[in-house]
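The structure's right below; bear with me while I get my questions together.
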Amino acid sequence: MEYFVIVIGSIFVSNIVLAQFLGICPFVGVSGKLSTSIGMGGAVLFVMTLATIVTWVLQYYLLTPFGLGFMQTIVFILIIAALVQMVEIILKKVSPPLYQALGVFLPLITTNCAVLGVAILTIQKEFSLMEGVVFAISNAIGFTLALVLFAGIREHLDLMEVPKGMRGVPIALLVAGILALAFMGFTGMV
Amino acid sequence: MAKKESSFVNMVLTLFLVAAIAALALGGVYTVTKEPIAIAKQKKLEAAIKSVLPDFDRIEEAKYLDPEGKDSLTFYYAYQGDNEVGAAVKTYTNKGFSGNVELMVGFLDDGTIYNTAVLSHKETPGLGDKMDIKKSDFSVQFKGKNPEDFKLKVKKDGGDVDAITAATISSRAFCDAVNRAYVTFEKDKGGAQ
Amino acid sequence: MNQVANFTKGFIKENPVFVLLLGLCPTLGVTSTAINGLGMGLATTFVLVMSNLVVSLIKNAIPDKVRIPSFIVIIASFVTIVELTMQAYTPALFEALGLFIPLIVVNCIVLGRAEAFASKQTVFSSVIDGLGMGLGFAFALTILGAVRELLGSGNIFGLELMKGDLMLVFVLAPGAFIALGYLIALMNKLAKS
Amino acid sequence: MTGRLKTFTLGGIHPEENKLSANAPIEVLPLPKQAIIPMGQNLGAPSKPIVSRGDFVKVGQLIAEAGGFISANIHAPVSGKVLKIDNVPDASGYKRPGIVINAEGDEWDENIDRSKDVKEEIELDSKEIIERIKEKGLVGMGGATFPTNVKLMPPPGKVAEYLLINGVECEPYLTSDHRLMLEKGKEILIGTSILMKALKVEKAIIGIENNKPDAINHMTELAKSYEGIEVQSLKVQYPQGGEKQLIKAVLNREVPSGKLPIEVGCVVQNVGTAYAVYEAVQKNKPLIERVVTVTGKAVRKPSNFMVRIGTPVRELIDAAEGLPESTGKIINGGPMMGKALTSLEVPVVKGSSGILLMQENESRRKPENSCIRCSKCTYVCPMGLEPFLLAKAAKLGRFDLAENELVMDCIECGSCQYTCPASIPLLDYLRLGKTMVGTIIRNRKKK
Amino acid sequence: MLTVSGSPHIHGDESTKKIMYGVVYAMIPAMLVSVYYFGLDALRVLLLASVAAIFFEWLIQKYLIKGPVTIMDGSALVTGILLAFNVPSNLPSWMVIVGALVAIGMAKMSFGGLGKNIFNPALVARVFLLISFPVQMTSWPKPQAIINGLTDAITGPTPLGIVKEGLDAGKTMSEITPELPTYMQSLLGQMGGSMGEVSAIALILGGLYMLIRKIITWHIPVSMLLTVVVFSGILWGIDPEHYADPVFHLLTGGMLLGAIFMATDMVTSPMTRGGQLLFGFGVGLLTILIRIWGAYPEGVSFAILLMNAVVPLINRGFKPRRFGIKPGVEIKTS
């Protein structure tokens, strides 16, 4: 049941993009096309889960025991940067097709605050490792959901001749705002 | 100075140096700020306790299981000299409109609520957040009431509490948190004596 | 290089939020009030100036291949310094900004300026650039915060300007997107004329 | 007959039928003083003149040869002197190469059998029939003007199973096929038999919409004496006259996207074509005249005329008692797919099935509004396309999208535009999309 | 002078204007009921919302977009009336105007105007108001027939609100039911709620009219309501003491208003029948999810907005059946 709460909570109730404002840059930047949105979502799922596991282990077996809690930010961001590099190298060797699909998005993820954000939140919320993994996966799904919905809408808007002043980022933010309004319907579900 | 070459030794050395300097600098800042951070935290807690209890000069901390036996609540017994002036209970509810609500509730010895304070909540601004004394007088009605004869339920549910307009859920959550504190407080009183 | 232009470009012409569309996460996340926006903006400015300074100082000592990791370490250090300092001396603001303080480290503006500007320019230019960009960021966040605060609760910087029921939605997540969307549209329009 | 009438299943509309001239028997129109004969009367390459200025030609004499594999011969519709070989106005509104003949008398080529007798017996074999049809310049008379002989030669590996004769005449107003069936039913059936022989098929079905009960009864009665030919009555629905829709309606077979009817074993010919085949094969008569409906709400005498090719439209209109004052638009063909004419001097060609005079108030398009995404265009599209999307793609130059969304499948029936509540000129955009995507595809193939 | 234009040369007699005014006519019964039960206040909100919607459309078209002014096409009027239908009759006037501005300015004209918006304008406005002014948007005047005189309205909760409150407080359905309006009252409109949602009969009348006029098709309403009945029916079957019965769900909380007038909005619903069925299913499912497990007692508006966002994806997935292409065969992409 706890896991259920985490899943529904992360995907719908407090969606990482629409309620927590994390990962907005790729949300605005990448979500122009459906195919790239799915690719980005996949890459984020991969890195976010991995990063959460590694940072969790580091936090509880290194930082906390040695009183180095204040090093959290610096350690986590380095871990994520290194992870992205590693994932890129490994993926290239092990699964070229997957690398082809996700490769271009990997460098972007280092500066995707959703990854660092989820890693830190996992610690802040005092999740167990397993809960953290579920939390990371759910948030990645929530991120992908928002991204994919958004990509569909923006591909549609490409054909709609939006007024000049609103074209591009303003209308994207407006859509995000209305989407966030709609997502408020999930309030109180968990 | 010419640009350094990207030789392996150079790279490792640079990274190591940068990291070491950073770690040192951070360590320094950490040492300097450690004290103020602890004080800030303590101040916040004390402020909360102060707002729900009469004057005191000393606090003792204890933890007790709530009646459901799931979570322990933190009690802060306050003393003025040797006299116990009351207990502040850090309590919570998960029945909030959008998540947990944390309260501090101060009880006098006989179980009368001296005052309440909201520690954290995620209730809707303009609605549920009126449980905060800064936003509305909702919480004033609990002052000086003894739950023995003041039913900690909203009127709609047959209690004595006037709910916040259009925010029954938040009001109910508030009552639930206070009630949890009260029940634990009562149980503990019996147990301790 | 004209340092005046270097300084002012961040406000309108190359405003990191309205024009370059960088750092949107904190922009949306912390601007429920003007003071939060300003606080976040100043915290970011500090990190920007300091990291620009350090990066431009040591740019020649860093081999190209480890440039980015080194920059990240430098930036993260300053972020942590800000984090600790705020926790110690402005605990309320620290709590309001929450997660977004450590997240300054992944704010594209900071790494972007270090990489695109400070690693190529003189120390002085870099500091001015960081200051201009940072204050431009703070300016944008404060405006957005003020707009949201005014529409959402009738206040600006906590000062009550309007009474009565206001549009709570602007304090909440949807209002952040909507207000920023229209602000950018407005800025586009102003920039053109 | 029980159950629902057959029709095609996807999309379709039912505009007001307005068959004003349905009861007007075919009249033979007097010869024109001058016949204007454009060289581009068929789908494919234009024909090449083989006569010179000043030559005297007899009716039925070959005056232009097919200009390629998909092209057709043209014969003199009148006798007289070739006045000039020059650019002449045609239905497109442009001036294109053509031959102008000054009519003198009515002297026919000797090989043509001008007797009124109906000749039943088919003497030629398959190959000879096709050769004869080719020689006599036959093209599809329904409006598409695809050279008939080409359709009769299935590509290697493909076998025809059914011959469908299109007597649907789904366009509002037009009645030329209807009258032809009533008055020349026997000839049509013989023509059908000839086509069956040419195609070596056992079965032929004549599809007629049930707003022409007299034609259905008449043809059914006559068809009894012809083996393998049956008449199928169909529910009225536009565009049932489209080849693919007719095949779907009659046989419930679906021609795959981008393919020809022969893919599902069918060849479709118009009733007018079947009549022309009869005349060409049995009477040795080239395609020099055809039935043309002259109609319109303000036309005093809506009529059906047997007209020589090359007769200027003005003479047809005069024969229908003149051009009404209120005329705003003159259409060569039906109201759904016909072309608006720029001048009355445009001649009747092989594909002209009707001249429709629309009144001023009917001829203006309503102002275009915003698409409200009602998707009515999608529901009526007989090809299952999304016209609103294709039109948008074409308008914004997104031809990749238009191609992926199958713009090339559009049959230009106009149902979408007819239905659109926002009066968007969808078909204009679709045509643009088709042209551009067609060019893109050709360029791609070249590479 | 001859007119020359491409084919086709004739046009059917449908027009945007006819469709829009058709919707307006369909709303007349519900308008009458709202005035009957909520009195002059209802009239005030109706007029204000309509006039404000048309005014903002004019203002924006003329001075911001600087394009043709099309306020007479009826679409702004429809939005205005629907907005009025979605708020309580005692909503302060300035909030009604804010709602109209949000509906027209934000949800419609920012996207370019009629036909270009993603989300149903009236619903965006409703949710915007609901979140912004929770108190005013959730105090519902009790309906009292206008013939009983124009006394000040007493406010009370909606039936859904009563159920939600009751169940949250640990009551069972059989304890709550006496507080609820009877089915007959719900059919006629004698219950608390938004102006346009109270009378099932009036809404159904309007729906039938639009079906006959072919302004809407049955697909979205039927699949939406069927989903609601089946889903809430299953829950009710399992535990009738803790879940309201399906008929109750159907008749309350704007379910019919949403199904007939909002979810069927052409602009913001899918283009193909298959897509519409899925859309209706999604709306129905989300509505019940939100009603039962969410914090808001009423879920239709959120559900429709959420599904509005999915429409572009549905439109990609549900293409019409193409002639000559076997279903399921991949369309070649270049």
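Every chain is named by a letter (A, B, C, D and E) in the order it is written, and numbering of its residues begins at 1.
The rule we apply is simple: contacts are C-beta pairs under 8 Å (C-beta built on N, C-alpha and C of every residue); 3 or more make two chains touch, one makes a residue touch a chain.
Small disclaimer: the values here were computed from a predicted structure and weren't measured.
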item: Neighbouring chains common to chain B and chain C, by label; value: A, E
item: Two chains sharing the most contacts, counting C-beta pairs only; value: D-E
item: Most distant chain from chain E by Cα centroid; value: D
item: Chain whose Cα centroid lies nearest the overall Cα centroid; value: E
item: Chain whose average C-alpha position is farthest from chain B's own; value: D
item: Whole-Å gap separating chain A and chain B, where each centre is the average of the chain's CA atoms; value: 30
item: Cα-centroid distance, chain D relative to chain E, in whole angstrom; value: 49
item: Interchain centroid distance [CA atoms averaged], chain B/chain E, Å; value: 43
item: Per-residue multi-chain contacts in chain A, two or more chains; value: 70-71, 74, 161, 165-166, 171, 174, 178, 181, 184, 187-188
item: Residue numbers of chain C (touch at least two other chains); value: 69, 73, 76-77, 80, 84, 165, 168-169, 172, 174, 178
item: Junction residues of chain E, two or more chains touched; value: 106, 116, 128, 131, 134-135, 295
item: Pairs of chains satisfying the touch condition; value: A-B, A-C, A-D, A-E, B-C, B-E, C-E, D-E
item: Chain E-facing residues of chain B, complex; value: 97-98, 124, 126-127, 156-157, 165-169, 172
item: Chain A-touching residues of chain E, taken from the complex the two chains share; value: 64-65, 106-107, 109-112, 116, 118-119, 124, 127-128, 131, 286, 289-290, 293-296, 299, 301-303, 305-306, 308-313, 315-316
item: Footprint of chain A on chain D - complex, ascending; value: 389, 392-393, 396, 398
item: Partner chain E, residues of chain D touching it in the complex; value: 10, 13, 15-16, 93, 172, 244, 248, 254-259, 327-331, 333, 335-343, 356, 358, 362-366, 369-376, 378, 381-386, 388, 400, 403-404, 406, 409, 412, 414-415, 417-423, 425, 427-428, 431, 444
item: Residue ranges of chain E touching chain D (in the complex, touch as defined); value: 2-12, 14-16, 18-19, 70, 73, 75, 113-116, 266-268, 271-272, 319-325, 331, 333-334
